Amino acid sequence: MRGHLILRVVSKLLIPFLLLFALYVQFHGDFGPGGGFQAGVIVAAAFVLYALIFGLREMQRIIPPAALEVAVPLGVLIYAGVGVLTWFLGGNFLDYGMLDSHDPSHGQHLGILLVEAGVLLTVASTMLLIFYTFAGRGR
Amino acid sequence: MEGLNELAFVLGGVNHWITVFLIMAGLYIIVSRSNMIKKLVGLSIFQTSVYLLYVSPGKIIGGTAPIISDDFAVYSNPLPHVLILTAIVVGVATLALGLALVVRINEAYGSIEEDEVYSDGDWN
Amino acid sequence: MLIDQFPAIVVGVPLVAAALCAIVRNETACWLIALAVAFLSFVGSATMLGQIQEYGVALSYEMGGWAPPAGIELRVDLLSGYLLVLVSLIATAVLIYGRQSVRVEIKESIRGWYYTMYLLCMCGLLGIVITGDAFNAFVFMEISSLSMYTLIALGKDRRALAAAYQYLIMGTIGATMYVIGVGLLFTITGTLNLVDMADRLAPLLDTPAAIAGMAFVVVGLSLKIALFPLHLWLPNAYAFAPSAVTAFLAATATKVSIYLLMRFIYSVFGFGFAIEQTPIPEVVMVLSIAAIFAGSFSAIFQENIKRMLAYSSVAQIGYITLGIALANATGLTGSLVHIFNHAVMKGALFMLVGGIALQIGTVRLSDMAGVGKAMPLTMFGFVLGGFSMLGVPGTVGFVSKWYLAIGALENGWWWVVALLMLSSLLVLAYMGRVIEVAFFRERPEGAPPISEAPKSMLMTAWVFILACIYLGFDTSFTVGVAQQAVDVLMGGAQ
């Protein structure tokens, strides 16, 4: 990818905004359309774009596949961990209202934020891992 | 007037017609193609029909996005969208797993044509 | 109260444990985690079943504190408790059994993933049974199916890949059909909670959307059940999966789908509509009898023993659905009892065959000459399991066939009883072939010496074989729970 100057410059310009947009979608999730799934896919798309332009090896140097293999279950653990935490606080599984002892709606805010963070992590790393797995196979 | 009623029937259910078309197109591709990738394409089209089936009745004409506000009384049903988000994720996972299997089959058999794979070796 | 949290613990903990296993990925640690979690689920399920039997009230759990019908409800009644006990029991046993065979059949680098997938699959299967929400059942169905496809593809033979692909296509069509049906029902009722859906559907049952929805749900689930002629994925999937996976798959996956079908037919659409006003009983009746005979006949001509047992599963599924088609309490009891009994005896047989595969390296009938002398305990267990499949009095196979036969006689269908007898002869034919080759033929000259399967495998299989005989005499658990569950199913509808 030495020669494609325009592609390289444009993608370098685009990637920060893609990531920013992903964060917007992520944190907008508890007020309107958005959330971890969509944000995760946008994050993954930004990285996939990087890999397409600068090569898979360069991408794997930045985020090694082994790290992704840990990130996928870690996201699930964050999600489920919130559920387990609410158990210990005396509520039902994933009963976010328990997270704040004063105001349940604050707890719900906090809960959905944590859960969506887990979803973001899992979805983004799953998507990227799928890309790695298919792109890494020679013919 | 007879013709108009029929027209209304056809146009009123246009989302369902498209759903039915997608179901049949998807199933037809799955049944008729022997190439494993094409079969997966058919499977994806088949699953896509479900998205339309769920999401289209959720829209209420004149309704807004489901945001609680005093200015609006009528809003679209958000539940189908959430359900279909899940169904899309399931569809992606299925497609990824299917493609991964096809890659492995190609490595093991050197072919992704179903008639070649299943005729190869003793299946008994 | 801790027991109030049991429904969530039973499915939630396997999910958390699966994620943990994926991070740990050390074989022994993963196995210990999986075993502990499966056992915990079993204890939880058994406690809940005991509780429900004692007080006669279904347990309901509000996921996330949102009350049904808006929130997702986990619901354990007698029927789902019964299935939960079955699935978690088999999952625990197969983990103990599979430790040795997994070491031989699966590469070391992916054994951690194997246990991850196993736990996910268990979580999905338990989830289908425990959830009270139609769409949630679909999600759990896909969790269990996707992990099951992966588990099948781990088989060392390359045909396992093609079998897994075939299962993926058929299974996804089935699940999508199911979700289309649920979508139609959701459109007309506006709810996904099964209990609530049943209430709201009652005045709408004659509408085309309800009938179309029912058709989609029934056909989709029939694909998952592998009801003849939609069974094409089953023989290959069973035959080429790793031994431990086959034992788990054969004993649980189709049973759970049958549970869901019963839920829809009896609880959602109701006996009065689905059985009395639609052609479901007639269609299921014809297909069940076709399954029994086509499955048994195909089994007779198989060279691969795992494939033979797989075709026999197609036939046994026919017995289970026959109970639904008989449309009376006794038949349905037989069907529910056979779900448990078939899981126990087919699980045991597949476990024994897995031991043979480990020792002689193949499961082809022609390679099994003389195995009876070299592995007497394994083959003796196989004979007892065969008796049970045959329905010899004193084994579990007899109990369920007895109830099915009585159920048929209550309807005055003596020809069904005759067909049941006839089908037992076919079982004799295919099980007899294996026994003949194993006991009455000499092991060929120069064949490497073989010995009994490892103790852990043999013992687990024998526990199940002994259970086949014990439950054949003491039917208070299976028949007792099944009869109470039938009362709930039929009582809610009539």
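Each chain gets a letter, A, B and C, in the order it is written, and its residues are counted from 1.
Throughout what follows, a residue touches a chain if its C-beta (ideal position, glycine included) is under 8 Å from a C-beta of that chain, and two chains touch if they have at least 3 such contacts.
Please read all numbers here as calculations on a predicted model, not as lab measurements.
For subunit B, the chain with the farthest CA centroid is C. Comparing chain pairs A-C and B-C by the number of C-beta pairs in contact, the larger count belongs to B-C. In whole angstrom, the spacing between the mean C-alpha positions of subunit A and subunit B is 25. Inter-chain centre distance (subunit A to subunit C, centres taken as mean C-alpha positions): 36 Å.
The geometric centre of subunit B is 28 Å away from that of subunit C, both derived from CA atoms. Residue ranges of subunit C in contact with subunit B, taken from their complex: 135, 138-139, 142, 146, 149-150, 153, 158-159, 161-162, 164-165, 168-169, 172-173, 176, 179-180, 183-184, 186-187, 192, 236, 302-304, 307. Listed in rising order, the residues of subunit A touching subunit B in the complex are 32-33, 37, 123, 130, 133-134, 137. Residue ranges on subunit C touching subunit A, taken from their complex, read 5, 8, 12, 15-16, 18-23, 61-65, 116. Those residues of subunit A that touch subunit C in the shared complex are 69-70, 72-74, 76-77, 80-81, 83-84, 87, 91-98. Every residue of subunit B that touches subunit C in the complex is listed here, in rising order: 23, 27, 30, 36, 39-40, 43, 46-47, 49-50, 53-54, 57, 80, 83, 86-87, 90, 93-94, 97-98, 101-102, 104-105, 108-109, 117-118, 121, 123-124.
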